[in-house]
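First the structure, then my questions, so here it is.
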Amino acid sequence: MTELLLLALGASLVNNFVLSNFLGLCPFIGVSRRFEAAAGMALATLFVLTLASGLSFTLWHWVLVPLGLEYLRTLVFILLIAGVVQFTEIMVRATSPLLHQLLGIFLPLITTNCAVLGVALLNVNRQHGLLESLVFGASAGAGFGLALLLFTALRERLDTADVPHAFRGAPVALVTAGLMALAFMGFSGLGVR
Amino acid sequence: MAVRSRFPAGLALDAHKQQACGTQIVELPLPAHLVLALDQGTGYSAEPVVAVGEAVATGTLVARTGHPFASAVHAPLAGIVVAIEAREAAVEGGRSVCIVIEGNGSDRIDDSVRPVKDPASLGPEELVRRLRDAGIAGLGGAGFPASTKLASARNLGAHTLVLNGAECEPWICCDDALMRSAASDVVLGALILRRAAGAVRCVIAIEEDKPAAIAAVTGAIDGLRDDAVTLAVVPAVYPQGAERQLITTVAGVEVPSGGLPADAGVICQNVATAAAVARWATRGEPMLSRVVTVTGSGVGHPGNVRAPIGTPLAALIAASGGYRGTPLRLIAGGSMTGRALPSDEVGLTKSMNCVLVATRDDIGSRLGAVELPCIRCGDCANSCPAGLLPQQLLRAALADAHDTLRQLGVHDCIECGLCDYVCPSQIPLADRFREAKRRLQEAEAMTKKAADARERHELRQRRLQEAATIEQETFESVRGRARRPGVDSTGDSN
Amino acid sequence: MNPDAVVIAVLVAAALAITLGVALGWAASRIEPDADSLVVRIDALLPQTQCGQCRYPGCRPYAAAIASGAAEIDRCPPGGEVTVRALAALLDRSPRSPDPAFGATKPAQVAWIDEAKCIGCARCLPACPVDAIVGAPRQMHTVITTQCTGCELCLPPCPVDCIELRPAPALSRRQRQPRAA
Amino acid sequence: MRFDTSPAPHVIAGYTVPRVMFQVLFALVPAGVAHVVLFGPGLLLQLSVACVTALLAEAVALRWRGRDAVPALKDGSVLVTAFLLAFSIPPLLPWWLGALGTALAVLLGKHVFGGLGQNPFNPAMVGYAILLVSFPAEMTRWPVPMDVDGTRTWSELARLSFAGFYGADLTARWDGYTGATALDSIRSGLDLRYTLPELLGREDIAGTPGARGFAWINLAALAGGLYLMLRRIVRWHIPVAVLGGLLVPSFIAHGLDSGNALGPAMQAFSGATMLAAFFIATDPVSAATSDRGRLWYGAGIGLIAWIIRTWGDYPDGFAFAVLLMNLAVPFIDRYTVPRIYGRQP
């Protein structure tokens, strides 16, 4: 139990995928202009990460390893993730077309969110069991979502700030992201890997 | 009975009452001419019923209205109507149609001015109607017709009448003076108002820094032997006299956001309104005059004056010792919420409780203010009597973010000005919020208009569709009978 | 590498792809996309003049075009800057100015019929998208000011040019407090 | 007669931002005196370089934006940033690092976001954290404070401070005079499996004025902070929440494991605790803005500081704790809007 808790804490905060490992920066910058969109993105990523972790574990242990096809894992995982993302897109379009609009290209691009593939591969590398894989995926997703929501709320505040002309938009967002990463360095060494 | 403030925050301000409060109320002699604004301060105007050149007597109805937010206007002076035209006035927007009456020395009194024989015999509805015809408007500062409030209070079943004698705003003391000199009028008016509103209880609320008024009103209540009329001594905290805040202090209930006091079972009237009702009952006099505080460092003898409605402010100030020093602003109302007027030619309105002639001594702090960016210190939020976050509202107002403004309650802002008062960055917050409200209201009106248009358009589309279907069916059936019907000859011309 | 392994690898990858494809296809056919709610929300931001300057037959068709991605958000002159900004905020697009190719933004206006010139031909009545003109043949027509959207669609059919557009009355009663001179 | 007009209200209290800022500087004086008495004049050197750099950076930033620099320089806010940074960095820091940190604080921490009132992060802590992660050795080398028996005198500390300030190599000549702070030593001791009572008994950690040095500075900062609270410049919410967030978990942990967890008294009076609770976390621009939000914000800072002090790599976690909660502020503000009069909760 403690193990799982530490795993969750490590994946969500200490080794936050965005702010400590700099994975998944593309949606982090791209979908952080509006809180509703970011919340949708956070949920979608959480969903994809959890599902992809579980499915990739299943495929790895029951298909790839028995058949000796370990070297196919990147290809197979990408295929799998693409499938999950497609499914998510169908779901989003059915439930909230506005969110579908807001996420735009970034929804299918979850496929290429390196955090997702990263989690699937890390699960294999660290020999996580099924439960561990699910927890790792979910907490990585939660950590991504948390960072994204905090960042979005910050950016919404910056929208109304008197930012120098040269820094408006993406530059100030990147500076902010950098300072966030600086703040997250404070967690370094927290014993949880 | 002393009670605690129960609304969020508020602040004890420098009251500046001593200047005008020492003396008795002075009756102003009738001025040579009067400028009666048809908008008496609510933003809605009455319709004139006299013509230029017509002679009027004291108490003659000169403007009538069917609008619930406007009040009827009577001539306080016998004379001739010399002009009906748009002029500068102490109202929103700065201009209103005014009836100008020049006195002709006659003291003819209109036939309609007759004491009410027995006000107690009138039913509530009859009372409300008569008060409306008498043009009785709230004298506390908003000028809202008393009859409209009374009618809605009765419809919503208000049980408590709160008489507002808090008078929290700096400089103003006309209600204080009135309560000291005419406490029995206040109490008599209270009884009539209570009857008209269908309320059971009546609470007269006075701020604790007015001991003489408290004593006078206590005496008048004691003479009444009516347990349902009580006195509440409230803390001298600004804005204690704001309607909603006072209701919360006195009755312990909050007026729902966007609702009326009557929704909380309370109706609030000013003590001066009650006194005016008593004047109407005992003398039959419609609202012809009011007590107004003339004060400020820029006026010779500050004091309280009973003056006819429409008295040009110049005449009012001349009778109070004239200008002194270098007056910089002429403010209708107190220093916190008063409206700065461009000219002293405007006439006294029913809603004008104070004329503040301010010099640099009085308003130097504002004149010398340097606006800095908001540092989010939160002092404004800690003083806001409506529990708002002005620092966040400011951001939303600057960004013109309508949804955020609504969520953060810009419509709940009572524009008391405390946030401005305490702001260390000296930002004119209240004015920003007034502007934001105006723009929001405009946007909301536009949305509503668009929604109406959408509905009408959709109805039309449906109607056209149905018509087309019917036409199609008719055409089909006609074609079924005769293969070639008569050709419409105009059809091919273009 | 031995050829069997390659075959197995290809088979596994193909099987996975086919499985996913079938599953997704099935899901897509079962789950109905909700197209309407977005159109309604976009439509709510349009000024409802029904003027057609966006080259769609009304506000709602334009909203549908925006929702499907067929049209940009900058085609509404009556809405002007405000509408484009609101749409950009709703759809998280970058704010832009209205495209002048679709007409110039004017202050709010309403139609007014010069009743002295009107001949009562009733041709403007069917042109009005919101039925804001009342009248009948050979009767004088008049515009219901509060309902007129100022779309100008009644101008072309009028044979005597008796309709003109006037600035719309203010919608809000609140006015500015005087400012320091 | 005609008059000018202006919107209501026509009076204001006339309490201004510069007055707030200078009160804050004034409240730092006791802590400054304690600092100078115990650690030598290094603080004054750091203060001077920080103030000069800060004013310069502010002026340059404003000129570059084409704004009038004079009112901004007079408002005193940039001096508060300079003071807080100078108080946080070790008094031995070479002057160019102090200058670098201040310039980064003012430019990257404040003016990139638009200047006064716009910065989401506490500028002083931005500067401090950048210095700390970039120059960990220099940033953790403190003078061993003056003691009573005269083996280290104030004049020696003064010479040491100047040596450090000009960037001399301190390891050769001043070896016995510099060291880590008590919090730092205790952490390394605990890592080496010493127990807390052992470490606290050791002369070179707690028995020396080293620990007491910080205790005095903390006491003086507490006094200044209480003054600010008395003058209603700082309200109680943030300091109380910060101390609560730090002390409650340390009290529990100390109760559970007195061999390894620092007790609340030690936590409260070592490192930057009081400075952070009363002066750094209370910077209104980067703090949450409602009373309830400020409680969450402060408690978060205290708790994160405790976590970093207990398990993290850095001996004192307040800079990171403040930055971490800074970035949560807009999020907190979103969910802690107080109930508006007349609305349902």
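Note that the chains take the letters A, B, C and D in the order they are written out, and that residue 1 is the start of every chain.
Keep in mind that, in the parts below, a residue touches a chain if its C-beta (ideal position, glycine included) is under 8 Å from a C-beta of that chain, and two chains touch if they have at least 3 such contacts.
All values derive from a computational prediction rather than experimental measurement.
Within the contact network of the assembly, the step distance from chain A to chain B comes to 1.
Averaging Cα coordinates per chain and for the whole protein, the chain whose average falls nearest the overall one is B. Mean C-alpha position of chain B lies 51 Å from that of chain D. The distance from the centre of chain C to the centre of chain D, with each centre set as the mean of the Cα atoms, comes to 55 Å. Between chain B and chain C, the centres computed from C-alpha atoms are 40 Å apart.
Spacing of chain A relative to chain C, judged by their CA centroids, is 37 angstrom.
Multi-chain contact residues, meaning those touching two or more other chains, occur in chain C at positions 177-178. Multi-chain contact residues of chain B (touching two or more other chains): 339-340, 342, 373, 431, 434.
Contacts with at least two other chains are made by residues 157, 162 of chain A. Of all residues in chain A, only 35, 149-151, 153-154, 156-158, 161-164, 167, 172, 175-176, 179-180, 182-191 touch chain D in the complex they form. The touching residues of chain A, counted against chain C in their complex, run 33-34, 37, 59, 63-64, 67-69, 72, 75-76, 79-80, 82-83, 86-87, 90-91, 93-98, 100-102, 104. On the side of chain C, the complex with chain A involves touching residues 5, 8-9, 12-13, 16-17, 20, 23-24, 27-28, 31-35, 37-38, 41, 67, 89-92.
Contact residues of chain D toward chain B in the complex are 1-17, 19-20, 71, 75, 77, 115-118, 235, 284-285, 287, 289-291, 294, 333, 337-343.
Chain D makes touch with chain A in their complex at residues 65, 108-109, 111-115, 118, 120-121, 126, 129-130, 133, 304, 307-308, 311-314, 317, 319-321, 323-324, 326-328, 330-331, 333-334.
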